[in-house]
Amino acid sequence: MNRDVYQEPLVSRYTSREMQELFSEKFKFTTWRRCWVALAEAQHELGLSLVTREMVDELKSHIEDVDFELAAKKEKEIRHDVMAHVYAYGKQCPRAEAIIHLGATSQFVVCNTDLIIQKKALGLVKTALVNVIANLASFARKYKEMATLGFTHYQPAQPTTVGKRNTLYIQDLLMDLEYIEMLEKQLKARGAKGTVGTQATFLELFGGDHARVRELDRLVSKKLGFDTVFPVTGQTYPRKLDMKTAETLAGIGASAHKFAVDMRLLSNLKVQEEPFAKKQVGSSAMAYKRNPMRSERMTGLARKLMGLPANFAATAANQWFERTLDDSAIRRMDMAQAFLLTDAILKLYVNITSDMVVYPKQIEKYLRTELPFMATEKILMACVERGKSRQEMHEVIREHSVAAGLAVKEEGRDNDLLDRLAADERIPFDREELSGLLGNYQEFTGRATEQTEEYLDEVVQPVLEKYREMIGQVDSSLKV
Amino acid sequence: MNRDVYQEPLVSRYTSREMQELFSEKFKFTTWRRCWVALAEAQHELGLSLVTREMVDELKSHIEDVDFELAAKKEKEIRHDVMAHVYAYGKQCPRAEAIIHLGATSQFVVCNTDLIIQKKALGLVKTALVNVIANLASFARKYKEMATLGFTHYQPAQPTTVGKRNTLYIQDLLMDLEYIEMLEKQLKARGAKGTVGTQATFLELFGGDHARVRELDRLVSKKLGFDTVFPVTGQTYPRKLDMKTAETLAGIGASAHKFAVDMRLLSNLKVQEEPFAKKQVGSSAMAYKRNPMRSERMTGLARKLMGLPANFAATAANQWFERTLDDSAIRRMDMAQAFLLTDAILKLYVNITSDMVVYPKQIEKYLRTELPFMATEKILMACVERGKSRQEMHEVIREHSVAAGLAVKEEGRDNDLLDRLAADERIPFDREELSGLLGNYQEFTGRATEQTEEYLDEVVQPVLEKYREMIGQVDSSLKV
Amino acid sequence: MNRDVYQEPLVSRYTSREMQELFSEKFKFTTWRRCWVALAEAQHELGLSLVTREMVDELKSHIEDVDFELAAKKEKEIRHDVMAHVYAYGKQCPRAEAIIHLGATSQFVVCNTDLIIQKKALGLVKTALVNVIANLASFARKYKEMATLGFTHYQPAQPTTVGKRNTLYIQDLLMDLEYIEMLEKQLKARGAKGTVGTQATFLELFGGDHARVRELDRLVSKKLGFDTVFPVTGQTYPRKLDMKTAETLAGIGASAHKFAVDMRLLSNLKVQEEPFAKKQVGSSAMAYKRNPMRSERMTGLARKLMGLPANFAATAANQWFERTLDDSAIRRMDMAQAFLLTDAILKLYVNITSDMVVYPKQIEKYLRTELPFMATEKILMACVERGKSRQEMHEVIREHSVAAGLAVKEEGRDNDLLDRLAADERIPFDREELSGLLGNYQEFTGRATEQTEEYLDEVVQPVLEKYREMIGQVDSSLKV
Amino acid sequence: MNRDVYQEPLVSRYTSREMQELFSEKFKFTTWRRCWVALAEAQHELGLSLVTREMVDELKSHIEDVDFELAAKKEKEIRHDVMAHVYAYGKQCPRAEAIIHLGATSQFVVCNTDLIIQKKALGLVKTALVNVIANLASFARKYKEMATLGFTHYQPAQPTTVGKRNTLYIQDLLMDLEYIEMLEKQLKARGAKGTVGTQATFLELFGGDHARVRELDRLVSKKLGFDTVFPVTGQTYPRKLDMKTAETLAGIGASAHKFAVDMRLLSNLKVQEEPFAKKQVGSSAMAYKRNPMRSERMTGLARKLMGLPANFAATAANQWFERTLDDSAIRRMDMAQAFLLTDAILKLYVNITSDMVVYPKQIEKYLRTELPFMATEKILMACVERGKSRQEMHEVIREHSVAAGLAVKEEGRDNDLLDRLAADERIPFDREELSGLLGNYQEFTGRATEQTEEYLDEVVQPVLEKYREMIGQVDSSLKV
């Protein structure tokens, strides 16, 4: 690590080695060579006599040993990275030199390589995502019955269960997964299209044979691992695709952010916590703190990720005609950042959900405090069943609830709501009947347990089954 | 129109009446009533004795005649819009008063209504989008063979055809259409879930009968026109869906923006123009101008539309637990704006593409000027075929091209590139041979014509066929 | 209110009448007339014989009585709003008809009017902002000594005081106020510059007299209420200014958002609340809730406001040459929205801060619970003073703190940290000495009280003094 | 350069060494040590006996020789970077070990260091900005008289001068400079404030002496190079400041973006170009092209820069109470990116403006073509002077202009507007008189030349004078 100049923290601190490598120069430039090999081989196979099997073989034998220094030197001179690498490749392949990049434009290697990288990166993202879902599903099943206070407006509401709450995080992530699958369908090869997408030079090379040129496009793409190829392009593949890619990843960011913020609130409530490393220091000054640092980090990383789609939208929207280069520098940064951020977030998400801590005693404490308040809806319903007007009862109960709530806050007293209600003659129940209506807080969770079961069985399990080979394939250990 | 206070320009200037109505108070509040009817009817059908057929019928007979003033007055008093409308509905339905909204929480009507509005609005968007695609497809087919200068870096590149260029706009829009179809699958009912999504009150009402409560959720949703219902929710449907909705619409914005900017550049080049109304004034001071005002307007509207998804992402990401109300005011504005902007943009897009003007003479003028430059790649290929090194020839041609280009710019002279090349002995062709290589500019368009045909026949036509009943169903006349 | 089509909620629900009127058609078009009067009068005063005093007087007598219908009809015909209003003005002023808008371009009225609106709107914003600061200053002074738990990572940290915490909100708002003052300096007139900013037509009119044309620019601006005028412009004033305006307002959004989120957390903690109207309904199903709805609304409105600067940046960055019209529709919406949102937010902020409720008993409860933990830093310091290594003591205390914390969470027990420390021989204090170190929680607030006093006296008071005439000038009653 | 993993392109490709170093680990961690030295020294000077002069001297002697490996190893263990560096510093300074960081919280070093870095980085930005302004001012002065076609709607409008157009870019940048100066005033030290900003631990250390603790804050800040210190803080300096910093830098992005887009359009028009390196390759396939690659790159970099303020706004708006850590990872990336992007943009901007190429013959060609059109406003004015109605003449001229314009586009004919006007009897001039009205295009530039002179002399020159020592201090050579 070079400490003299700025280093990308996503690499030095937060992401997986696999993702870092996909966006490395090494992977990029060897993939360029793979593109040149695919092109030459397809040209050869489609009968272009200029390109011989020997040339193709020579090219194949020099895919990995890129002479980076030579290419960099040449680029400095001619200010053109692709031509610089054509030059360096040619130096290693004297026989094939003249036919490297034959008929192609820079974007032949650049776009196809970008798409290959994105496809692989999306695979890593999908794997991590599936693992988060698997973790949350286990957690939700384990705690499907445990009643806990629900919150709306971050004010106590009816109870739900710990498991049920976690199905909501899963539901968000399953939507992300569906959009990943959708994106996989959109990710096509850019193929062999030429300078402005007309394949003019290839048509020239193939003596005007449209069928062979069309086949070249398909064959090159297939050799590069794509089932489909964009039927039409300008110089590059449509930048609109990048926008969709960024949105798909940002969707994961939003899901993770919501979860992380909830974790941070739960942590304050002391009812649920992220795993805490044994030697971890809470803060330099306050040794006792158990700060939800991973969730806080996830929040920040997700915020950045959610900020990226707008850039890609602007680039797509501002490409002029067959292509302008205002896409280059920004995509170079933002595409890498989008995937690296997603990688970092999912690594954290797997890490946290692998071992979340729940404190049942604390959960119970909150439920006990709010129980009389929670019962108000049940009481309201019972009053309506006894023929009272919903409106009127709502008002009566509201008044007493507010008064009881104030007593707690202002005087630190216990909740005396039931006494107040029993003393009001408009309420058609006495104190004992009211107590009877309360029951225990488990009764207030409605169908939360059943919903959790149904959801896990009917919706989540089939997905986990489909991707079962991915489960357990993520290293979620953290560097810092 | 009230001229004393600010009026939303989207309504007063840019959008269709249909879209404006979907986001009106009238549509919202009558739909709330439809939700209450669906709930009561489903409760009745599932055997809840509290709710009688008479009550349901009474409710049904007062769907359209909302007493807005009464509701507004009540809301001012109690600061709660749903309870205010329950009150106003109850005043008109004395028999059903006690069972309106029975077991429900505000979000029962608010969320389901929002989803109904979005579904209908998405339908309008889809119709308009299909019409733009149909227009562009006709245009592309008509001009599939007309050679025109391609541009990369907004510098002359190889020629393409007018039709081919327009397939790229279509391809962007087809991606938007696919994402609309995807979104339609995501748009499920929120159903009857209760305060925090546990259906607790409904379970109470139905005496603990899980099967009937589960069926209530499905049945209410079906009555409201939904095939599917979110299996789990907090208080509201997942705000993540809104993010996807906004992204889907913003995608249309990006596609339209790219087209509009190209139109504005074409307009400067005097090769293609948007339709121009006969009495339209170019500018107050410069009467002769034909400003591409609709494309400029589209650009601005699309810019705003593309700015909205970030808001929805932030809202989804910051919802705490079962729901917080920081979503309310912003969604009230942004969901309407997103659809209204899309409506305005597509209305313009249909309008412009209905009657775009092409100036073939101008197109030819540009091609003629650039022809010798355009031929350089062909010459380069020919040199390579004669056994020359691609690198060296590239350099030689580059030098002469730059010199010829400079002569044009600096001295206003004609393009003398071929003379320069012929005079260079490294080039293995004489002047005559070089001229022979040039041919006409049609030859430089490669497979542009064929690509256009293939694309329209194989990709676009099936889609237009699928949605053929939508074609012609858009009023694209403009107010201003 | 028209319930048949979408209505802007900012107008129907959230903003002040004054702000709504500034962005009305009425204010806009009468201001256009003021611009035309200023131009004609300045032309007359500078000796342009074409323009007579009678004409100017005629124009002056028809500033308020705009014939909106006639102008709208004309606009529909010629698609040009300024020319339509020139026409309508001319119909009312037959004598002056020929000289209305003489030598001007549309942006003469459009830009100058926009700047006048923004200046006045900024005045309303400033007034509201000063009132929030005044409210917070009173509140901070009142509670300057009241100890309360500080939070970092939303975990209990050292105590601060209620007043001190509120100085941080004030400090944010004072930064906003400084940027408003900065913006006021940037807000110059666009003046009389002509089509592309060269004043060519005016120079023609004045027979080539540069001095008089330069003076025309200044004189018109002065008549419109501006001390300064942009020295150079294209067709419009620089769109960069709009970006700064939006950023300045968004700054207020960010400040308000931070405050509002804190309020929502405080509300959950039951230690501080926004004022609650007597008849306000917490929720339709949960009558007892005291939801922090205004703070939640502020959060959402602020989120939207913070999303707007990016639009203005994009518009400024994408203006081509002397001007393109992609700024028109988007500014029409976004400039109004930016000011209306700010108005709505500050109205809420004034409303909430006028009467915030504090619950001292609850505050104490939290302090008591955390007191032993809070003392750890004090104990750490005392250990260091006794010659122990900071590192080692930090580690020892950390271990016991974590254990004590776990006991609370897992077993619901009281905090036994001091017992644990006293029992550890590495700690150079016994149980009694440790208790002695604790003291009361007031002692842990450091300089919070003094900082609050100093800050209010030295920094805030001078500002409030400077703007004292604004205090009390805001109607913060809410419609919904 | 590590080619195996992702490398930040801003560092490897676009930015100055100076800026890269400011955001390096080396600069950060040595500055942390400077903060610790400043604290210890101030404590010593204010009479804290625990801290001796020897300790301070020992600390001073180990500022530069940070043992990065040891600190990294410790951080991995305890997951806390500041404590890890305290540990590593302590190992090198055994005598001072116990008093390093005495009474401080992590943010003491982190925040103060961040502010120091930002201050220095802002200095680099300012220097580069001043140099761009100086370049543009020279260019504007040189071309102050050269008439060129003005554009509105990117349609030919009245002429302006090349110099005048460039004053608009300068005006944007001067606004940026004013906001930099404003920001410099806002950039205060965070000082010595303690965990939650109350200085509690320092007050403890100084035995309750408020005056000395207040002085400690000031003195430490002064030693770190700050004239002012934030009077109140939570744990960190206000994140709102970061928002302002990002906005200030994004302002430069917007200014540069507008310039760059204009350059790209000018380049298409072949009237103005960025400097072109002799060996630069236009494209791999089209050797003759002179692509405006630097302006395109500037566009993309600026787009990214303009996307960053929203992140900072969200972070500022979502900080809970005295501080949450969701600011950490995102600021680590975004603050560096904001400054590095600005550095890259300004480097390009200096580079391009150092040697822009103008093609007068091309400029003339465009003017000649549009001259008759341009004269329409002059003709309109002359008609009005002859007593004709502005409205009517506008209409007449509009009709003929549109017809003449169509003839050019549709038939490739010359502009016959004057003939058409002369033949219309409503026009009170014959052909000869109309020709006389035309004059040469210089006459149509109004006050453009004079405005340019006045602006440069009165507004720009004083600023350049003020910052004259900065001029020439930027290395604008490019790596790629």
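Order of writing sets the labels: A, B, C and D. Residues in every chain begin at 1.
The rule is simple: a contact is a pair of C-beta atoms (placed from the backbone, for glycine too) under 8 Å apart; a residue touches a chain by one contact, two chains touch by 3 or more.
Everything numeric here is computed off the predicted structure, so don't read it as measured data.
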Subunit C against subunit A, contact positions shared by both copies (same if over half, else different): same
A-D or A-B - the one linked by more C-beta pairs in contact: A-B
Gap in Å, rounded to a whole number, between the CA centres of subunit D and subunit A: 32
Between subunit B and subunit A, distance of the C-alpha-averaged centres to the nearest whole Å: 24
Residue numbers of subunit B (touch at least two other chains): 83, 86, 101, 151-154, 157-158, 194-195, 201, 264-265, 281, 283-286, 291, 293, 296, 303, 307, 310, 314, 318, 324-325, 377, 394
Subunit A residues touching subunit B - in the complex, by the definition given at the top: 50, 83, 86-87, 90, 97-98, 100-103, 150-154, 157-161, 164-165, 167-168, 171-172, 175, 178-179, 182, 186, 194-205, 210, 213-214, 230-235, 238, 240-241, 243-244, 247, 250-251, 253-255, 257-258, 261-262, 265, 302-303, 306-307, 309-310, 313-314, 316-325, 377-378, 381, 384-385, 387, 389-391, 394, 444-448, 450-452, 454-455, 458-459
Of all residues in subunit D, those that touch subunit B in their complex: 151-158, 264-265, 267-268, 270, 273, 276, 281-293, 296, 310, 314, 318, 359, 361-362, 365, 373, 376-377, 380, 394-395, 397-398, 401-402, 404-405, 408-412, 417
Subunit B residues touching subunit C - in the complex, by the definition given at the top: 1-11, 13-14, 17, 20-21, 23-26, 68, 75-83, 86, 101, 104-106, 194-195, 201, 264, 277, 279-281, 283-286, 291, 293, 296-297, 299-301, 303-304, 307-308, 310-311, 314-315, 318, 324-334, 336, 340, 479-480
